[in-house]
Structures are given as C-alpha cells and as structure tokens.
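Input: structures, listed below.
In the two complexes that follow, chain A is the common piece, with chain B as its partner first and chain C second.
Entry: the complex of A and B
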C-alpha cells in the first residue's frame, strides 16, 4: 500500500500500523504504551499525528481534488493515535505539523501532571522513555499548579520487583504483558480514573517470567529489586551476551559497574527469546559477586590450601602429570562450558594422551536430533507434544509455545526492526489450547495451558511412548493422529525421556512416524555444542561416572562438585592428583591438591550452541574475578608449565581450530546466531537409575548457587522438597520445615513444601549438575530437621 | 492469599443462582459473569470480601487480580463493610454548583465521619460519588439504593434524624419536564425537634 509520511513515500503491506509506517520512513513519534510483541491499545495517546486518506466514489474511482488533479485527501477531524491505525491506500501521515506537535506536547504535559519528576533519585534516570520524550516533545513547563497525587513509593509487588506507584503513567504494558505473554493474569489496574494504580491480590507475582515487566516499564515505576539504588544507567557497562543458565541461548544484557554485576536484562534475539527472559536468568546473578569467591590459585601445603601464584600451582600440576601419563588422567567440564573451553580440554587430553574426557551433566542419549526444530518452528507449530517440565528446564520453550497457542506467526521485520504495533495481536486473544499436549510424571506449569494432559508414573516414559506409537490407547492414538495431521508438528523432549536410551529411541521413532520435528532439551547451556564437538570419552568405560568409580588416578574437574557424594569423596581422597577449577570452595575443593579460580558464565568470552544448534556469542562483562580464567586459560597456564604451546590455549586459538572444522568464523557471528547442522555424538557410559522413591527435577533457578543469590533465596524459600500431604504425614514433616536428608548418597539441605498436586509416593527435589534429573533413592530414615533457635528480644 | 477452607463458600448453597448467572453467557465469555456474581455477593453481605473475590475467580477460572480489577473500577462495589445506611453524595459538577460540598460538610459534621468512613455502630457510611444522573434535581444524596433529591440543609437534617430512628423516609422525587409531569414533593414531616441551627 502506498503511504506518504511527511515527504517520504513508502510501499507497505496491508495491516501495517501507521506508527510503523512513520518509523519505516525514518521519522519519529513518541509512544509509551506500544511494545514490541504485544498488542497495541492506544492508551497513552502520545503517538498522535494528523492522518488522512483519499476516498472513493461509489463507482470505485477516487474522489479527485480539482485544484491539483490528484485524489483528494480527507483528513480525520482529530489527530489519530498512529499505533492503532492501520495504513490505507494513499494514506498521508503528517508528524511534523503544528497540530501534531501541539497534540503531542499537550499529552506530554498531561502525563507529567501526576509524575513526581524525581529523576535525580530514580534508577531509570538516563534510560527512561518518559524522560527522553519529555525532553524531545514536552514544552518544559507545566500549567498544573495544584498538588500532585501522592502514593506509595516502595511497594514490593513481589520479593523481586518493587513498584513506585507515583511514577506510574498507566501505559498498561505490564498488565498486558502478563495476560498476553506468559498468560498469567496476575497484575491489573485497580480503581479508576486518577486513582488508578497497578496491583495484585495474589501472593507476590506467581509467574516464572515476572521480571520482564521491569524491562518494558517506560518509566521508573517497576524496578528490579536486586539492582535498585545500585547505580546510574550511564555508569553501567552494558554487555550483550548469551545466557548460560539454560539451553535456550537467550540473549541478555549484563549491566556491570565497578567490577560487579548489578543487573541482567533481556536483550533482543528475534529468533530465540524475542525480548523476554525468565526470572531464574534475570535474578540469578548475585552469586558472581559473592564475597567468598576463589580469586587466586590455591595449593595444598601441609594439608591446608594456601594462595599461590599461577606459576607455582601449574608447576605443581606439571610435575604430577609426569607420572600420570596416558589414560590415568581424567578431564571433566561442566555442560555450560563454552565450545572454546571444550576444544581446549580436548587439546589438553590429546597432549596428555588420555581418552578420559567428558562433559557433565549429560543424558544417556544424544541431545542432537536428526530433524531439529527451531524456536520459530515451535512458535508456529500446528501440534505440539511436550514430554518434559519445559518451563523449568528451558523456560523459553514455555513462552514460545504460548505464541503458538495464539496462532499469530512471528512478525516480519521492518526497516526499523520488530514492528512497534503489530495489529494482529489483541488483548485477551482466544488460545488454541487443543494443539498442545503435555505429558509429565507430576503437575507442571504448562499443563494449565494444555488441551490434553497425560499423567504417567516416573520411569515409565518408554511404555507411554510405545503406547502412543502403537496407538494402543485412545489418547495416544488421538495424539499421534494430530501430530501426523498438523503441518508443522513439534515434539519437545526433556530430561525424563533423554535419560532413558530406550524412551529416547521410541521418541525418535514417533517423530519419524509422524513427520514431527524434534526439540531435545539439553541439561545445560552448551550440552548441544559439547556433544557436537565430541567432548566425550574415547570409550564408554571412561565416562565421568566411571572416572569417579575409579577409572582415573588423577582428575581435573571444572565446575563440578562430585564430593557431595560420601562414597565418591572417599575415592577422590585417594587420587594422586585432584585439580578443581571452580568459583567457590566446596566439598571437592576440600579434597583437592590444587584449586584454580574459574570465571562465571558472565565473564567468559566464547560460543555456545543452543538446543536448536544455533551458535551464539558469549561476551565478557567487566567483572572483578581476580585471577580467574576460563578453561582455555587453564590450558594455557598448564601448557606454559609443560613447555608446550597447546592448541586451545586461548579463545582465539580455539576459534582458529573451530573455523577450520565448522567453516564458521566464531569471531564474526551475527547477533541472532548461526544454525549449523550437527550429527549426534557417541554418548555412552551412563546408567541412570531406573527406580527410586524420589524424582530429581529440573529447576529454572540454579540450585547450586541459590544460597548465594539472596533475593532469589528469599523469594523461593530455598531448594524445595515437594511432597504429597500423605507422604508428609508419614515422614512427620510440615510445611517450611528445613531438613537435611541423604539423596542417593548426596547430603541435601531442603525446605519442605507440601502440595496436593504432587503424586503420592513420589518426592520431588531439584536436580544438581552432579545429580542430574531422574529417579533417585531418598533415604527417608536419614531425614533430620534443622533446629533454629529463635531469640526473643 | 486467603484460606478458603476456613470461610464457607458463598455460592455453595446457591447453586441455582450461580447456574442461572453463568448460563447467561457463552463459555468463551464466562468472565462476563464477574459483575453479576460480585453484585450477588454484595447484595447479601453489603460488601465483597477478599475471600469472595478468590471464590469468584475460582468459579470463573481466572486470576483473583482480574476480579479485583473489575470490582475496584466500580465505586458501587465495596471492599469494606459499609454501614446500614450508605450515604452517597454526588460531587460532580451540577451537584457541586448546587451545594453538594455544603451537604457533605453538613453530613460530615453531623455524623463525625469523613469520606469513605463508617461509624463504629455500623449505622452510617459516607462516600463522595461521581454523577448520579439526576442533575436537574441537584444536589442529590443516595442512601443505599434510594435517591433523595434537592437535598438542602434542612432536608438533610430531617433525613439523618429519621435514619437514626431506623426509619427510611419515602424518597421525595421532583421531576421537571418529564412526560409524567411534575411529581410533587411530599411535605416533610419535621417530627424530631431539631437543635440550635435548624
């Protein structure tokens, strides 16, 4: 459609909003209520412009202007909100006229009537849409001489989000966000007119994606409690990176100041997370700045770990390695290590001629599907079968499935990026819940939105998949038919399926039989990449669990804490060499000969491959990690001590190798990443439990760091042991009891959470990197309640 | 979060009323039942407590916050218990010009209450409200569901005295330009002996 914005003529597809036409033409209008990926509602009235269009005679010809001989433009009697106006053939939009300027200036003045103008003490100052627009479009003066409305300045909407009710301009972004994006309507306007405020009657904000409202708030009303009063926007170093919290590869912005991470914000990746991130990713960064981080290498001298120089530490290791040649040494990385670290570990293993190399946690079957689905496949799918606790494993899957339920395809990008007002989106759209089937051994969040729910007993994944494949049950048959009939069907497989080689094989068969694409949720951020790079044992006897069972005489462990298991700890105590590369002291460092300081996922430079097979850049934020290095740094230092220039001695060196192999320059990845086809690796050597009275479940919040994330700890109440009231009664537990219990040999500290929705006879507790999701035996006789002495003042 | 278990659900014994109200709307418009359900609760209990908000949300299958949002939009739904006589003083333009502020001051002085308060006995609540739609007979005072029009100081005094005795006077209504013609005001019976400034 031909549209004219001021002096620029454009040809735009029908359905484009007038505000997008203005931005596409390179002009600007102010707006507060419109938001990418959400419905336009015309609430703030800032995007007013003079708009007109030609009209047609009854015979279909244009009504002509006799003076010019052109079709006559009929202007709307008042300025129009361009965000809710669709373009028409021949439309004329005028954003520069005096009428437009006056209307916008007037609206600006109106917005500021009750705004406290406390910019000097506001965390949003310097990055505030209201502030910017007031400078650009406001008159700088107010005629409002009366007392402003006063309201609560520090209202805790939840433990993680603080609301300043005076600053709110009622744009309704946050209210719409909850209904439209995660589908949990937990926030609403209360009262009316000048008294309106946003509020909730729930207990906090019961949503897994609540933090996103702090990103989209155009003023300083909604703020991330973890970063409130920590710094000004212009003092922060903004580093765009990729989250290493889960396998989605969501884009984040790390805001750091004076060597500390102050906050994490969502960043735009149109192919992956759009603008959104989950609360685990957003609020789970405080551990990085915890005071007890290891910042120098430590060497055990006379039974005590003492700070030493890198040289001293690596010389000690090099000496030991002389006697530990060949397959006596094991090297293990945690599965959120970058590709570059994987290459470095392999280079080190090759140099030391050991086949004992692995990454962990990983599952008994491959996480690289033959026919992988992308996030956009998921968001446009006609039938979805989820066999996972997707919200906890890879939260972004949850949000993108909700896109599919709305049935609106991802928007086509405009010259200025994502459309600001996508007129296809509406408030309270009907959801096609019948396209979604969710199967899990317990009640998972996504079931609220699913048309079909399948409950099964943990450990019977293979039987369930067999039933679906055979069509031997009605539900199974219907599911198979709907997957086959749909144009674009996607099957999402989580830990419970991937942990069983048999179930995994059946799921592959189901995908083949129905033509569905597969999404396999890797255990951690780079599970896909490390498997594709073959950071795997040379033979199944050399897998990580086997190393811990005694196949190695020396061990280099990065990011893992195997000594939580008492039996393993005993074995580790007898090793000739134990090198631990980690952030904090733990049970394993207590046994280590050498401890090397590691970088957190926010400080690393590197590349990860998300569950689609998308290569994404991880960039380093300026965080004070002391002498911490990533694993490429460990390899470099060891190489120096061994007198060798090892491959993978730096990110650059690893990338040189990867470039040859992948024909992909990792220094030059686009922001949205690049998908490269991969083959599944030879995963073997894992024998997960097939029985037990408890289920280790994935969790969005990383349990290993929870005690060092004070805000998340307060809001979640600690790692939970979830169980049915009947079980609680039989173990004499009551809600909020804090207990210590032995779980498959691991000593765990858990808080009791009783709920009817947990299947009777099964205890649920969060999986750890060293204790991945799956069945486990809880020794119920070992339950000990923690006693807290309450002092009464 | 209010524990529903401890409070008896309002609609448990009113299944017929509930079904009638829900039956008015198609399945996809179930949330339209929010207002009639709120009204049903308020008529019986004179206000809608938090527990009832949660109950209605559960009946409709939405979040309690949404019910609260709807409820708080309308000043006719009450969050807190109101008195036996809920005095609603119209304070929009026409009534304001005709002296609703003076009426408010008078009632406030008489009852010792300010806007939004209820007295200890639970007899009176006073509230300033927006236009009651009876501008030709301003100022207007609405007591519970009854309109009292052209309420000057003396009428107000008589009315309050009557209410204190537990009598609800017949509404005096004055219509101008109506098809049915002028309805004469009933003469006010100044039964109670009023004090000094009456």
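Entry: the complex of A and C
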C-alpha cells in the first residue's frame, strides 16, 4: 500500500499500523503504551498525528481534487492515534504539522499532571521514556497548579518487584503483558480515572516471567527490587550477553557498576527470546557479588587451604601430573561451560593422554535431535507435544508455546526493527489450546494452557511413549494423529524422557513416524555444544559417575560439587590429586589439594550452543572476580607450568580450532546467533535410577546458588520439598518446616511445601548439577527438622 | 623611549611603595576570601529537620568534568531517615586531587546539598587522604582532613587560615 509520511513515500504491506509507517519513514512520534510483541491499544494517546486518506466513488474510482487533479485527501476530523490505525491505500500521515505538535504537547502535559517530579531519586531516571519524550515533545511548563495525586510510593507487588503508584501513567503495558505473553493474569487496573492503580488480587505475582514488566514500564513505576537505588542508568556498563542459566540461550543485558552486577535486563533476540527473560535469569545474579567468592588460587598446606599465587598452585599440579600419567586423570566440566572451555578441556586431556573427560550434568541419551525444531518453529507449530516441565526447565519454551496458542506468526521485521504496533495482536485473544498436549508425572504450570493433559507415573515414560506410538490408548492415538496431521508439529522432550535411553529412542521414533520436529531440553546452557564438541569420555567406563566411583586417581573438577555425597566424598579424600575450579568453597573444596578461582557465567567470554543448535556469543561484564579465570585460563596456567603452549590456552586459541572445524568465525557471530547442524555424540556411561520414592525436578532458579541470592531466596522460601498432604502426615511434616534429609546420599536442606496437586507417594525436590533430574531415593528416616527459620538476608 | 617615560614608570612603582600592601603573612595572618570563592565542598543538612539534603541522585557525579565524585545510594529507613526523600547517599566521595573546583556539581544538585565552601588548605601527604567522604564534608566539619588530624594531635581547635563574608547557599556552615 502506498503511504506518504510527511515527504517520504512508502510501499507497505496491508495491516501495517500507521505508527510503524512513521518509523519506517525515519520520522518519530512519541508513544508509551505500544510495545513490541504486544497488542496496540491506544491508551496513552501520545502518537497522535494528522492522518488522511483518499475516498472512492460508488463506481470505485477515486474522488479527485479538481485543483490538483490528484485523488482528494479526506483528513480525519481530529488527530488519530497512529498505533491503532491501519494504513490505507494512499494514506497521508503528517507528524510535523502544528496540529500534531499541539496535540502531542497537550497529551504530554496531561500525562505529567499526576506524575511526581522525583526524577533525581527515580531509578528509571536517565533511561525513562516519559523523561525523554517530555524533553522532546513537552511544552516545558505545566498549567496544573494544584496538588498532585499522592499514592503509595513503595508497594511491594512481590518480593522481587516494587511498584510506585504515583509514577504510573496507566499505559497498561504490564497488565496486557501478563495476559498476552505468559498468559498469567495476575495484575489489573483497579478503580477509575485519576484514581486508577495497578494491583493484584493474591499476594505476589505468581508467574515465572514477572520481571519483564520492569523492562517494559515506560516510567519508573515498576522497578526491580534487587537493583533499587543501586546506581543511575548512565553509570552502568551495559554488556549484551547470553544467559547461561538454562538451555534457551536467552539474550540478556548485564548492567554492572564498580565491579558488581547491579541488574540483568532482557535483550532482543527475535529468533530466541524476543524481548523476554524469565525471573530466574533476571533475579538470579546476586551470588556473583557474594562476599565469600574465591578470588585467588588456594593450595593445601599442612591440611589447610592457603592463598597462593597462580604459579605456585599450577606448579604443584604439574608436579603431581607427572605421576598421574594417562588415564589416571579425570577432567570434568559443568554443562554450562562455554564451547571454548570445552575445547580447552579436550586439548588438556589430549596433552595428558587421558580419555577420562566428561561434562555434567548430562542425560543418558543425546540432546542433539536429528531433526531439531527452532523457537520460531515452536511459535508457529500446528501441534505441540510437551513431555517436560518446560516452565521450570527452559522457561522460554513455555513463552514461545504461548505464541503458538495465539496463532499469530512472529512479525516480519520493519526497517526500524520489530513492529511497534502489530495490529494482528489483540487483548484477550482466543487461544488454540487444543494444539497443545502436556505430559508430566506431576501437575506442571503449562497444563493450565493445554488442551490435553496426560498424567503418568514417574519412570513410566517409555511405556507412555510406546502407547502413543502404538496408538493403543484413545488419547495416545488422537495425539499421534494430530501430530501427523499438523503442518508443523513439534515434540518437546525434557529431562524425564532424556534420562531414559529407551524412552528417548521411542520419542525419536514417534518424531519420525509423525514427521514432527524435536526439541530436547539440555540439562544446562551448553549441553548441546559440549556434546556436539564431543567433550565426552573416550569409553563408557570413563564417565563422570564412574570417575567418582574410582576410575580416576586424580580429578580436575570445574563447577561441580560431587562431595555432597558422603560416599563420594570418602573416595575423593583418597585421590592423589583433586583440583577444584569453582566460585565458592563447598564440600568438595574442603577435600581439594588445589582450589582455583572460577569465573561466573557473566564474566566469561565465549560461545554457547542453545537447544536449537544456535551458536550465541557470551560476553564478559566488568565484574570484580579477583584472579578468577575460566577453564581456558586454567589450561593456559597449567600449560605454562608444564612448559607447553597448549591449544585452547585462551578464548582466541580455542576459537581458532573451532573455526577450522565448524567453518564459523565465533569472533564475528551475529547478535541472533547462527544455527549449525550437529550430529549427536557418543553419549554413554550413565545409569540413572529407574526407581525411587522421590523425583528430582528441574527448577527455574538455580538451587545451587539460591542461598546466595537473597531476594530469590525470600521469594521462593528456599529449595522446596513438595509433597502431598497424606505423605506429609505420614512423615509428620507441616508446611514451611525446614528439614535436612539425605537424598540419594546427598545431604539436602529443604523447606516443606504441602500441596494437593503433588501425586501421592512421590516427593518432589529441585535437581542439582550433581544430582540431575530423575528418580531418586529419599531416606525418609533421615529427616531432621531444623529449629531455626530459614535465614533470609 | 625618553627619560621622561622611564621617570613616569618609576613613579608608578614609587607610588605603590607607599600604599597598603595586598600581601599578607599567611599562615600567621588570615587571607580574606570573597563570598563566591570555590573551595572544599560542604554537604548540607536541612536546618529544621537536620536531615541531609543529599538524596544520592548522582547528578553531581554526572556533571563532574573531572570524574572526581563517586556516589552510592541506598534506601532510607522510613522510621529513621537519613535524608528527606526515598534514597540517600550511602557513600559520597570526592577526590580533591581530581577536583578542579569548577562548581558544576553545585549547579547540578537538585536539592542544593553540595556547595563549594571557602576552605582551600587541602594539602596532605597520602593519595588516599585526598578522597573526602561524607564524614569529611557534612556540615559541622571544620577544616581539611590534615587540619583536623593536626588539631586532634595537639588537642586544639582547628585553625583555618582565612576570613570570608557570608554566602547564603552555605546554609549552616560556620567558619
């Protein structure tokens, strides 16, 4: 459609909004209520412009202007909100006229009537849409001489989000966000007119995606409590990176100041997370600045760990390595290590001629599907079968499934980026819930949005998949048919399926039989990449659990804490060399000969591969980590001590190797990442439990760091043991009890949450990196109640 | 140039010989500074409530051309507020070696909390002693760090080497 914005003529597809036409033409109008990926509603009335269009005669010909001989433009009687106006053939938009300017200035004055003038104390100051737009479009003075509205200034909407009701300009972004994006309606307008305020019915914001409202709030009304009053926006160093909290590879912006991370915000990756991130990613960063981080290498001298130089520590290791030749040494990385770290670990293992190298946590089957689905496949899928607790495991899957339920395809990008007002999106759209089937051994959040729900007993994944494959049950048959019939079907497999080689095989068969694409939720951020890079044991006897069972005489462990298990701790105590590369002192460092300071996922430079096979850059934020290094740094220091220039001694060196292999320059990845096809690795050597009275479940917040994340700890109440009231009665537990209990040999500190929705006879507790999701035996006789209430900082 | 010109020049010199000298025998004798003289900063309090005027907004730090100011804010305890407002400066530091005494901080301050006073005797021995914190600048503190250290050692009052006229912006500051 031919549209003219001021003096620029454009040809735009029908359905484009007038505001996008203005931005596409390179002009600007102010707006507060429109938001990328959300419905336009025209609430703020800021994007007013003089708009007109030609009209047709009854016979279909244009009504002509006799003076010019061109079609006559009929202007709307008043300025129009361009965000809710669709373009028409021949439309004329004037954003520079005096009428437009006066309308915008008037609306600006109106918005500022009740907005407090506390910009100097407001955390949004300097990055505030209202502040910027008032400067650009406001008249500079107010005729409102009366007292402004006064309201609550720090209302805690939840433990993580603070609402300043005076600052709210009623743009409705947050209210619409909850209904449209995660589909959790937890926020609404209360009262009317100038008295309108945002409120919740229940306490808190029961959603895994609540933090996004702090990003989209155009003023400082909704603020991230973890970063309240920590600094001003212009003082932060903004680093765009990729989240290492789950396998989605969500784009984040890390805001750091004076060596500390002050907040995490969502960043735009149109192919992965759009603008959104989950609360675990957003609020789970406080552990990085925790005071007890290991900042220098530590060496055990006379039974005590003492700070030493890198040189002293690595020379001690090099000396020991002389006696630990060949396969006597094991090297393990945690699965959120970057690709470069994986290459470095492999290079070190090659140099030391050991085949005992692994990454953990990983599952009994491969996380690289033959026919992988992308996030956009998921968002446009005609049928989705989820066999996982997606909302906790990889929360972004949950959000993108909800895109598919709306049935609106991802928008086409405009010259200015994502359309500001996508007119296909509406408030309270009907959802196609019948395309979604969710199967899980307990009640998961996504089931609220699913047309079909399959409950099964934990451990019977293979039987369930067999039934679906055979079509032996009605539900299974219907599911298989719908997956086959849909144009674009996606099967999402989580930990419970991947942990069983048999179930995983059947799921692959189901995908093949129905033509569906597969998404396998890796255990951690780089499970896909480390498997694709073959950071795997040379033979199945050399897997990490086998190393802990005694196949290694020396061990280099990065990021894992195996000594939580008392039996393993005993074995580790007898090792000739135990090197631990970690952030904090823990049970394993207590046994280590050498402890090396590690970098957190926010300080690393590197690349991760998300569950689609997309290579994404991880960039380092300026965080004070002392002498911490990532695993490439460990390899460099060890190489220096051994007198060798090892491959993988730096990110650059690792990338050189990867460039040859992948034909991909990792120094030059696009912001959206690059998908490279990968083959599944030789995954073997794991024998997960096939029985147990409890289920380790994936969780959005990282349980290993929860005690050092004070705000998340307060909002979640600590790592939870969830159980049915009947079980609670038989173990004499009541709600909010804090207990210590032995879980598969691990001593765990858990708080009790009793709920009817938990299947009777199964206890649910969060999985740890060293104790991945799956069945486990809880020793119920070992339950000890703690006398103190869980300490909340 | 004639002899007459030389005599005229010498006459000027001679004339000044009989005028009152502008030099003072500092430090024995105090220097008189003008009211708008820009010396060491003061952090002011509201005289009625005794709350700090500084709300930790960091605008002074943003305006500072020499990057001499560092502010870290925190939330006020509603029962025992430090400042009048939601936030206060938990840390407020000015590096007097970096400061060029331009007064931009004073201009940027939305509450009139930071004002450049008349103290100029800031010489000291160690780099770290030039970083002035809140306790060194809050109203009621007289003298530079070194002057206060000396005064404490000798058990006397801080002796400052200047006299000055009043300046209304320096609310509560008494030299």
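We take it that the second predicted complex is superposed on the first by the 788 of 793 C-alpha atoms of A that agree within 3 Å, B and C clash if a C-alpha of one lies under 4 Å from a C-alpha of the other, contacts with A are read in each partner's own complex, and residues count from 1 in each chain.
Please note the rule applied: contacts are C-beta pairs under 8 Å (C-beta built on N, C-alpha and C of every residue); 3 or more make two chains touch, one makes a residue touch a chain.
From a predicted model like this one, the values you see are computed outputs, not experimental measurements.
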Practice item. Identify the partner contact of A:230: answer first if only chain B is touched, second if only chain C is, both if each is, neither if none is. Key: second
Exercise for review: Scan A:36 for contacts with chain B and chain C and give back first, second, both or neither.
Suggested key: neither
**Study point:** Which superposed partner A:125 touches (first chain B, second chain C, both, neither)
**Key:** second
Review point. Regarding the shared-chain residue A:672, is it in contact with chain B (first), chain C (second), both, or neither?
Key: neither
Check your understanding: Is A:502 contacted by the first partner chain B, the second partner chain C, both or neither?
Key -> neither
Review point. What is the contact status of A:153 with respect to chain B (first) and chain C (second): first, second, both, or neither?
Key: second
Exercise for review: Find the residues of chain A that appear in the contact set with chain B and again in the contact set with chain C.
Suggested key: none
Review point. Okay, in this complex, where on chain C does chain A touch?
Key: 55-59, 61-62, 70, 72-75, 85-87, 110-111
Practice item. Please name which positions on chain A make contact with chain B in the complex. Key: 184-192, 199-203, 430
Study note, to complete from the structure: Within the complex, chain A is touched by chain B residues 1, 28, 50, 53-54, 62-66, 68-69, 72-75
**Study point:** chain C contact footprint on chain A (complex, rising order)
**Key:** 118, 120-121, 125, 153-154, 228-232, 234-235, 258
